[in-house]
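Each of the two complexes below includes chain A, the first together with chain B, the second together with chain C.
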Partner chain A sequence: MTVLQEAIRKRAAELLEAGEVVRVIAWGSGRFANQTSPLFVSAAADAEKIVFNDYCVNTLAKYALNEKVDGKIAVCVRGCDARAINRMIADNQMTRDEVYLLGVPCSGMKDRATDEVLPKCLTCTHRNPVVYDELLGEAVAEPAEEEVSGLRYSGIEAVEAMDREQRLEYFNEVFNSCIRCYACREVCPVCTCRECFVDQLRAGWQGKQNNLNENRFYNLIRVFHIGDRCIECGECARVCPMGLPLMELNRKWIKDLDELFAAGEEGLTDELDNTLGRYKTDDIEEFM
Partner chain B sequence: MSVVNEAQTGVAAGTETFEPKILAFACHWCTYSGADLAGLNRMNYPANVRVLRVPCSGRVNPQYILTALNQGVDGVLVCGCHPGDCHYVSGNYYAKRRLMAFRRMLQYTGLEPERFQVRWISGSEAGKFRDTVTSVVEQIRAIGPYTPDPALAALIDKGTDAQNPILPESVAAGEGGDAS
Partner chain C sequence: MSRVGVFVCHCGSNIAGTVDVERVAEEAGKLPGVVLATTNKYMCSAPGQQAVKDAIVEHGLDRIVIASCSPRMHEATFRKMLAGTDINPYMLEIANVREQCSWVHKEKEVGTPKAVDLVKMAVAKVNYDAPLTTTTIPVNKRALIIGGGIAGMQAALDIADAGYPVTIVEKEPSLGGKMVMLDKTFPTMDCSACICTPKMTDVGAHPNITIKTLAEVESVGGYVGNFEVTIREKAKYVDYDSCTGCGLCETKCPQKVESEFDQGLAQRRAIYRPFAQAVPAKPSIDAAHCRKLVDGKCGVCEKLCPCGSIKFDDVDKVSTETYGAIIVATGYQLIDWTKIYGEYGGGRYKDVISGLQFERLVNASGPTEGHIQRPSDNTEPKTLVIIKCVGSRDPEKGKSYCSRACCMYSAKHAHQYLDKVKDGRCYVFYMDVRAAGKGYDEFYMNTQHDGARYVRGRVSKIYNQNGKLICQGEDTLLGSQVVVEADMVVVETAMVPADDANRIGSMLGITRDKDLWLSEAHPKLRPVETNSGGIYLAGTCQGPKDIPDSVAQASAAAMKVAILFSKDELESNAMIAHSTTSLCNGCGACVSICPYTAITLEEITVRENSRMVTRPVSKVNPGLCQGCGACTVACRPGAMDLRGFTDEQIMKEVAALCQW
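Moving on, here comes the complex of A and B:
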């Protein structure tokens, strides 16, 4: 970790010194030793503020969207960040030459409250970045597939096993708890619309009341909009102030698309190939 | 919920005489003609269905479906052309993928599968339109009225809020601030 931290600092300083990038996005220390926040470094002298430890929970890629306006930027990418960058390139939010990617292998981050590995990291399938300009440090071993695949769908399989009334009750509770702060939307590397449907007041898709109907509407449509492009970074569930199991909604969609249309994992390349944006004439038929 | 049903049917929801309200999205190029043909042939089908014409089944945004269910219909039926027959070549293929997934998601979150159904009905299948509508109405009559938000329904029953408007009237009329 310390070696990696030094490598990131060194390369960040070099890139800024040489003028190759105007800004480096990495992690900086927070108020406590086990807390970090995204850090935006614009001067080589500030590179030593960069930290990399077990608590770098933020996925940085979404910040690149706003930071790339005045020149090329460098972003530290782990598996999740790299897939998010791929996602945004596929969605025409940026081009590959607008970002310089510092690959950082990652073997999972810890929740600062419990000191246990974050749920999103437990189900991570790509610990090493899938795209980078240079890889810092040594690549770590990817998790065994059977180990992750069991965990990945364990949450939704438990819900699917309930009967309908129980599921209704379960999700009514989830949606009732939602305060519609839209943090899940803000943090999502897939949610890149300039104007979100919930903000289109005149169109009136989303009512302003906080009730079960509106919350269910928001959560289901959020999943509909991102489900087939979701890179499973798990940020939505991590940032949710109410601790709602948002990935159980996303993963249901991912699992269904996988079973029905062999969707596969998203964000591994920067080509746009989302499952609901294409079709096959011999797709499964169930509406006859 | 019950306010809407009473207004439409004149009976209280949940009783034996419950009459469901079904919204059918019908593709202009096939199902709408099919429904027209059913009328021309004097076929009888329940009057519980409200047919809403759309250019294509691919036009049916899942937001429409959720909004309809939230605002008082008991079931939604989406009808489009048979795969391969789409006037716009591929609209129904896209619709098929997204509605298949969306239907599973609704069921996953606890909706009865009967309340949201999709059927392909061509312009000549007047009989299939009649049979589909009849069977959907029968199924929904059997499972009863839909109450998406019991707490809100209780409020409406008390008369505190006659409707569940998507927007305050001032904003809907264009008087309010515009976010864009």
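Moving on, here comes the complex of A and C:
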């Protein structure tokens, strides 16, 4: 970790010094030793503020989207960050030459509150960046191929096992707890609409009340909008202040798409796959 | 506040029988914005329409709802009616209280409240209707026909006779397609060449028709009335302007190649016309086999040619032209049975031949001059087995569909064989006989009277024993095994789309079914149109069919083109999609979902957050958009909206339905 931290600092300083990039997005220390926050470095001298430890929980890619600078931005990318970058390129939100990717292998981050590995990192299937301009440090071991499906879908087995009524009760409980702060939307690298449907008041998709119906509507439409493009970074569940199992919803949707249309994992390339927006003659049409 | 008029139609007793129309009008009268709600016996009739027009003036209506039959039926009628008033024709909603209500319910107690709900929704929607206008698109009155078989030629002749220029693009060196390979045509047994080659000559001589042979359509852009088409004419190595078609070059060319036209049963030269009556009647050089072009040695044809027409330095010609309409007539090919029917020898036995090879064998201008001979030893086969449905109606190994023409041409083959080989025996293995057509069943019965023995069942295996082809099968009517010692076997194979059809279909935005046949817009009511405006289908590219059906469809497609060309300008569709640039995030979901390739991403440069940014946004081509609405539901930011069916209008309809 310390070696990686040094490597990131060194390359960040060099890139800024050489003028190859105008900003580096990495992690900086937080108020506590076991806390970090995204750090935006514009001067080579500030590169030493970069930290890389067990608590770098934020997926950084989406921050690159909101940088209003002229020039290249360097972003530290692990598996999740890199897939998010691919996602945003495929969605035409950025181009590959706008970013310089500092690849950082990652074996999982820890939850500050419990000091245990984060749930999103426990189910990670790509610990090394899938795209980068340079890889810092040594690549870490990826999970074996036969483990991947279990990592992705074992979390939803309990929900799938429920009967209709139990499931309704379970999700009613979940949606009742939602406070619709939209943190899940803000952090999501797929949520790149210029104006989210919940904010389109004239169209009136989303009611203003905070009740079960409206919360259910928001959460289900959120999954409909992002499910086929979700890169499974798990940031939505991590940032949810109410601790809602948002990835379970996503993963169920992803599993269905996988089984019906062999959708595969998203964000591994920067090509638009668009599972729900394309038609193939051998698509399953059992409802016809 | 809008001034809505609601008109409820009795449709005789069609609606009034199961819907209390007076009640519906009474309820409609209470809805916000409705200033008049009334009924009429027949709203679509001249007095019915006049009543609406009078009410518009009398009550100062600015939009109307008509509760009647499906909008598919009379929406256009009522739009036309409004065009004669002060109201924009699109300030109209149809509440479908017939197909969706009165016809599906038996009791008024059920039908009436539902009709009220349907009217409520229509009133809610009409309040958000906006006047829409159409624009006009100029029509380029030139037609392109892809494929020069019998369907393509018929369509070309019809359009050309109507006075419009036509270009035929044919990928082979000659027009004629599959029909010109055939010997005789069922059920009349007139000679195929005798009815096909005069058409080819007519096409070749028609002043309105341009023929491009050895040519392919490379790309198609634009939209109805204005297609930009790039065509590649492959190098022919012969200058057609100076060549007289004397044929001297063909006689001396030393390189022999298996003839495609004779289905591999004979040989042609490297410089060749596929057959004597080819149109254009001039040879071309097969670059893959020409010794001069492959090795640089030979050039005999160049030395012999009295006109100096041989051009070894010829290159492909690529041209881009504008056409107003396109007819696709790419035809079919036969399924490659050798790859899937190993039990029939998989092509190892020379005397197991396809139906098209039999056509060449029995043809007076074919390789045997019409004598039926085994390809292996040129002897006359005394026992012939014909197997039908090879690849057709066989979902396990071939195709699930029926190829339609094989029942009749296998009867024809049996008839021709028995006619020419007087002491021959002919067995036809069949699943059942489908002879639906004028004179078809009579023809089949005659073949049976000729002595053809029809055995109901499939042949399970063919193997060679002492020079005989042993066909093992089952007679399912007798319930017993059958073994026939055949001298020759004809497999009547399934029709499948031509190699190129899938590429052409995707280039033109024509949907294809699971077997890659091109899909018509509606199987009954729009059988020659595609879902893309200005693109029509003719012949077997749409599905297996015989010659009369292909010709009929070709003439129908030609008529559609003539109708299109009868106007100087086309009215564009008013109800099309449009994108709100400020909402569009350029994700491109609409581009890939659009079945008409009507949407593209375009870069715009705008000032945002105090800096100039360049970003992609989607743009709808109004000529190409057919208003299907697929993009509006694929658009997550809600930037795409369909005029006449806006998100807002649909939400209002839902809200109206959900009110208690």
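Just so it is clear, the second predicted complex is superposed on the first by the 281 of 288 C-alpha atoms of A that agree within 3 Å, B and C clash if a C-alpha of one lies under 4 Å from a C-alpha of the other, contacts with A are read in each partner's own complex, and residues count from 1 in each chain.
The rule is short, and it goes like this: contacts are C-beta pairs under 8 Å (C-beta built on N, C-alpha and C of every residue); 3 or more make two chains touch, one makes a residue touch a chain.
Since this is a predicted model, take the numbers as computed values, not measurements.
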Quick one: chain B or chain C, who's touching more of chain A?
B
Looking at A:W253, would you say it contacts chain B, chain C, both, or neither? Reply first, second, both or neither.
first
Which holds for A:E195: it touches chain B only (first), chain C only (second), both, or neither?
both
For A:G204, using the defined touch cut-off, is the partner it touches chain B, chain C, both, or neither? Pick first, second, both or neither.
both
Both partners, chain B and chain C, contact chain A at residues 195, 197, 200, 202, 204-205, 276-277, 279, 281
Seen from chain A, its contact residues with chain B in the complex are 156, 159-160, 164-165, 167-172, 195, 197, 199-202, 204-205, 207-209, 211-214, 216-217, 220-221, 223-224, 227-228, 249, 252-253, 256-257, 260-261, 275-277, 279-281, 283-288
Contact residues on chain A for chain C in the complex?
68, 70, 91-93, 192-197, 200, 202-205, 225, 272, 274, 276-279, 281-282
Interface with chain A, chain B side, in the complex: residues 62-63, 66-67, 70, 82-84, 90, 93-94, 96-102, 104-112, 118-120, 148-152, 164-167, 171-172, 174, 176-180
Which residues of chain C touch chain A in the complex?
512-514, 516, 582-589, 592-593, 595, 601, 609-611, 615-616, 634, 636-638, 647-648, 651
